[in-house]
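Two complexes are shown next, each including chain A; its partner changes from chain B in the first to chain C in the second.
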Partner chain A sequence: MMHLRPSWQALLAILAAVAALIMLPAAGGAAAMSGSGFALSAIALLLAGALVTSLRLRPMVSAVALFVAAHGTAWMLITGIAGGEGTAGAAYFLMLIAAWLLAWQLVTVLSGMRPASTFSNYGIRLIVPALFGIWILILWEAIVRGAGVPFILLPPPSAIGARLVNSIPILAADVNQTIFKAVLAGYVMGCGAGFAAAVLADRFLFLRRGLLPIGNMVSALPIIGIAPIMVMWFGFDWQSKAAVVVVMTFFPMLVNTVAGLAASGSMERDLMRTYASSYWQTLLKLRLPAAAPFIFNALKINSTLALIGAIVAEFFGTPVVGMGFRISTEVGRMNVDMVWAEIAVAALAGSVFYGAIALAERAVTFWHPSIRGG
Partner chain B sequence: MNAPASTVMPASQEAPAVVEAADLSLTFQTNDGPVHALADVDLAIGKGEFVSFIGPSGCGKTTFLRVIADLEQPTAGSISVNGMSPSEARQSRAYGYVFQAAALYPWRTIERNVALPLEIMGLSKTEQRERVARTLELVNLTGFEKKFPWQLSGGMQQRASIARALAFDADLLLMDEPFGALDEIVRDHLNEQLLELWARTEKTICFVTHSIPEAVYLSTKIVVMSPRPGRVTDVIESTLPRERPLDIRESSEFLKIAHRVREGLRAGHSYDD
Partner chain C sequence: MSKYLPVLTILAGIVAVWYVGVYVMNAPFQQKLNERAGAEPTFVEFVGQTMSQPKPTLPAPHQVAVNFFENTFLRKVTSGRSLVYHSWVTLSSTLLGFLFGTVLGILIAVGIVHVLALDRSLMPWIIASQTIPILALAPMIVVVFAAIGLTGLIPKALISTYLSFFPVAVGMVKGLRSPETAYLDLMHTYNASRSDVFWKLRLPASVPFLFASMKVAVAASLVGAIVGELPTGAVAGIGAKLLGGSYYSQTIDIFAALVAGSIVAVLLVTTVGFVGRMTERAMGVRPA
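What follows is the complex of A and B.
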């Protein structure tokens, strides 16, 4: 006879499932008609999953059972509540908690796995954060619909997703206007100018003494204040947004590059001196490579700053396209799902932007202890 | 310090002097008042010699090496390197310098680290490749060209930095405690290799060290220095043969020289610290 050694997550999940069984039905209204059916099979699935994992089989078997039980239950809850939004009872939420506990156990099992091949290792490193993200969406969807949270306060992710898919042409035009025109142009100009200013400030002492404090002041300028002024200077189209991005990204790049240029060791610089190396040779062959980790820090900070700057700047006058324009007008029209769709697109674009820079950083500063690991 | 080199009397007549210092002084101005790093140093180093500088911390041995290399400016006296001022000697790439740490650039492979001075001097790619291969062979690092510095042991890194100093074929090699951070066994091994290299290349070597056995084993001339102010207390011409197996360190001759070095260090040491 096999021993049952349940984890505390599995044990709590079993308790929650049994309690849910006692407190049926899970929902009232139209969902109550088919309600007992989905609730009973969900409870059965939960118990089966919890029991299989408690048998302490091989981790792979455990993981598959937990995956099926947790996500099957979540699926049944979300489809089962359709038509009965806002009528969910205690049983519904107990089952949701049980499913979430099994998903927790699943992530624990997956994190503990030590696969031999690097490929599956990489797979697990992707799956675990993906499960975390998926469960944020599942809980959001199930709670919003189960508890009947008003659409205007928080629409369920499914509605946001549907709106996103239906509005792809509009969203694409907004992304093109805000990201491919304003953000990219402003980012390239701002970072480029910051870098050039840093090299000049390094070369000429009077610039370092004079420019850095001024740059400090520019970085403290409130974006809300400069955005309308930039609109007056550069017009309503993307150029004024790019100008805001330039102002926002210039200073982080300047400060980081100046710090990076001072980062090379005195021994390394003495070495260059013994070779009678010129200023520019030392800059290119020693000080800029040594500054690369600092410069990439600035590029990463600026990637998010640029996106925020361009979106906020669009609140202050813009042609009828752009992510910031869309957010401000759709909020006024109570189309919250469109606002969320725009936010999702901005988050995705920002992550891709950041990820691309992080990959470039790994390729360029592969030698730095923070990347090669020790 | 701007006195022409010809006014400095060479101390050893048999070989042309590579480095000649006369009444050389260097005072650092610090917040705690002036520090006399070097005071009235007179020294001549002949071509092909292996000169060790030994003494306690703060005796100015590293400072003297840095003055030769034009990394520090003397405040009084004169010094010439290859008959030129140190600045001119540096501009004409008269010496290779090996620091206390390897100071290899981590973003360059060993091969490209060794090629660094050659790149700065603007040598052709083929010339660079040929010289890198030759100097890496000289320090027994053939086969590690494509490795990055952080993939090698400390001893191998220091050998690569010696290769870098040798790559452009300067006649003078300045070494500032190059093996100070390495363990005894690696150090013995590198000392042996360094002597071999010196015999093969016939370079003039100035070598700063803390270790009496290292100084006696390697040198043809040992310069004993004392601190506050940094000055030369004794110059010992070694009587050991140029051919030196490691076990020469147990010979009575070796021990006699080591004893004299120790006496010199003791005499120069002010026991107030």
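What follows is the complex of A and C.
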């Protein structure tokens, strides 16, 4: 004997689907959703998904049913609204809410699963946030197109994707100008200088006592404001952006490295002394490796700061290429989809940058408990 | 005294290097000016000239100080040239955005700590979002909101919100999870409900984390407000002052605006730190 024990998400989804059934048609105009056949099959799919999960079968079965129901409905809604943008009625949004509730239930089911193998455990840890990201895009697309939000205000993700694919040469030139010239040059110089200053400050107590409070205070200041001055000094090209990045990345590196150089324990230092090792030997073989987690922390913080610095500095004047330039001019021309495409590229570049540093960190600080996994 | 001596020495060194820099960077232009005028000043006069140009490449510290003093204390605060006015414009959107951001960050953190599905799905995105140069969104948010007739405080405050809720959310999650298992077990033996555990254990334990991340958030919020003022066409605010200065190469104005921004930043961070210490004292934290 099978009992129906719906979760509150499934219960609400069923209610929403039934309400949608009453409120049909889902959309007007030339949309497929204006007929009842397409909408009815979407509602049927929703109800089937909600009922299957309420049967409390094995989590795997429940997850598959929810996945198919939620994403099938979402797909039907998004394809069905084509031609009838802005005409969506209450039924359309009720179906969307029901599909979203089922997706929520899916994430809850997945989060509650305790798979035996580490591999599938790892898979779930990836799938759950991926689902969340996908649903942000689905809701964005469905709501923007269903409600007919003006293109200027918020273009649907599909339009941004199309724009991105169509303007790859422009975007590539911008990335080359902003990231490969300005950000990388400034990042290497700023982090290098900060590191050197930190080693010096570590050697001389007086310097450390003077620099650290200043470094800590500067980290709270809006350093980005030096951008117009740097543009005036170093010209419109990438050198001025690199200069902003140098200043922005210098202090986090300094403060973190100084903290890291103090991280090695007195036991280890005493051991090095009993080996009669020189200052430089202790520095290279004990203290710098011990400081590595701190240094990588600074490198990670700086990767974001560097991108922000370079992009914002371009708002103050550039040659006619670069990500900040593109964003500010396309905003002025109300080409919002191009701006979003540029932001997507910036987000991707930022994540890749961060990811590369995180990978390097895993390789260098393989001994650290947080990476060894306790 | 031994605490301040090194800091003061380094600051004095910075000012000295700055003055040398003023001479080096302004000398070529001043030489050209003198050649054109046919003047042949002595070295001391020449040094004096490099430090009193109206639009220098690098203004001397005293020029910045004078400009800052004039625009802060000698003008009516309602005047468009007063730095107090511009700082207030920036400060108001910073504070509004900071308030939104803190509330949003705390709500998200509470959700993450209590709902497993949110923890698994939201947390990776919060971390990933920190790798994204969000500030790039700033001009679009302002212009797009202007297109639907929403101008002024709110769009700028939204940028500040966006920048300030991440540190608060991450710090609060850490803080709400900071009570040790022993304490949680103790609450369990008291048969405490989830809301009791939250109000009586998790929330008090998270207060130091909250204030630490609020310090970061308020600084980020100020940066957001300043950058949010850039695309509005230089109307009001420290960001507008920076942009206006860069249009007309008024370096002294830019530096004075930077000083004003820095003072606002230091005031904000110190205030948050002070409120944090007062709160902790009121809650009975004894200095370790």
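We take it that the second predicted complex is superposed on the first by the 348 of 374 C-alpha atoms of A that agree within 3 Å, B and C clash if a C-alpha of one lies under 4 Å from a C-alpha of the other, contacts with A are read in each partner's own complex, and residues count from 1 in each chain.
FYI, a contact is a pair of C-beta atoms (placed from the backbone, for glycine too) under 8 Å apart; a residue touches a chain by one contact, two chains touch by 3 or more.
Remember, it's a predicted structure, so these values are computed and weren't measured experimentally.
Trainee: For the three-chain model obtained by superposing on chain A, do chain B and chain C clash or fit?
Mentor: fit
Trainee: Which partner chains sit in contact with A:286 here, chain B, chain C, both or neither? Use first/second/both/neither.
Mentor: first
Trainee: From the overlay on chain A, compute the angle at chain A's CA centre subtended by chain B and chain C, rounding to the nearest 10 degrees.
Mentor: Here the answer is 80 degrees.
Trainee: Please work out whether A:166 is in contact with chain B alone, chain C alone, both, or neither, and reply first, second, both or neither.
Mentor: neither
Trainee: Is A:228 contacted by the first partner chain B, the second partner chain C, both or neither?
Mentor: second
Trainee: Return first, second, both or neither, reflecting whether A:304 touches chain B, chain C, both chains, or no partner chain.
Mentor: Touch status of A:304: second partner only.
Trainee: Please name the chain, chain B or chain C, that touches the greater number of residues in chain A.
Mentor: C
Trainee: Nearest CA pair across chain B and chain C in the overlay: distance in Å?
Mentor: Nearest C-alpha pair, chain B versus chain C: 16 Å apart.
Trainee: Check chain A for residues that touch chain B in one structure and chain C in the other, and list them.
Mentor: Comparing the two interfaces on chain A, one with chain B and one with chain C, no residues are shared.
Trainee: Show me the residue ranges of chain A that touch chain B in the complex, using the header's touch definition.
Mentor: That would be residues 265, 267-268, 270-277, 281, 285-286, 289, 292, 365-368, 372 of chain A.
Trainee: Name, in rising order, each residue of chain B that touches chain A in their complex.
Mentor: It comes out as residues 69-71, 90-93, 95-97, 99-101, 103, 105-107, 116-117, 119-121, 148, 150.
Trainee: Across the complex, what residues on chain C touch chain A?
Mentor: Interface residues on chain C, with respect to chain A: 3, 6-11, 25, 57-58, 116-117, 119-125, 128, 130-140, 143-144, 147-148, 215, 219, 222-223, 226-227, 230-231, 238-239, 242-243, 245-246, 249, 251, 254-255, 257-258, 261-262, 265-266, 269.
Trainee: Which residues of chain A touch chain C in their complex?
Mentor: 104, 107-108, 110-112, 125, 128-129, 131-133, 150, 152-154, 206-211, 213-214, 217, 219-222, 224-229, 231-233, 303-304, 307-308, 311-312, 315-317, 323-324, 327-328, 331-332, 334, 336, 339-340, 342-343, 346-347, 350-351, 353-355
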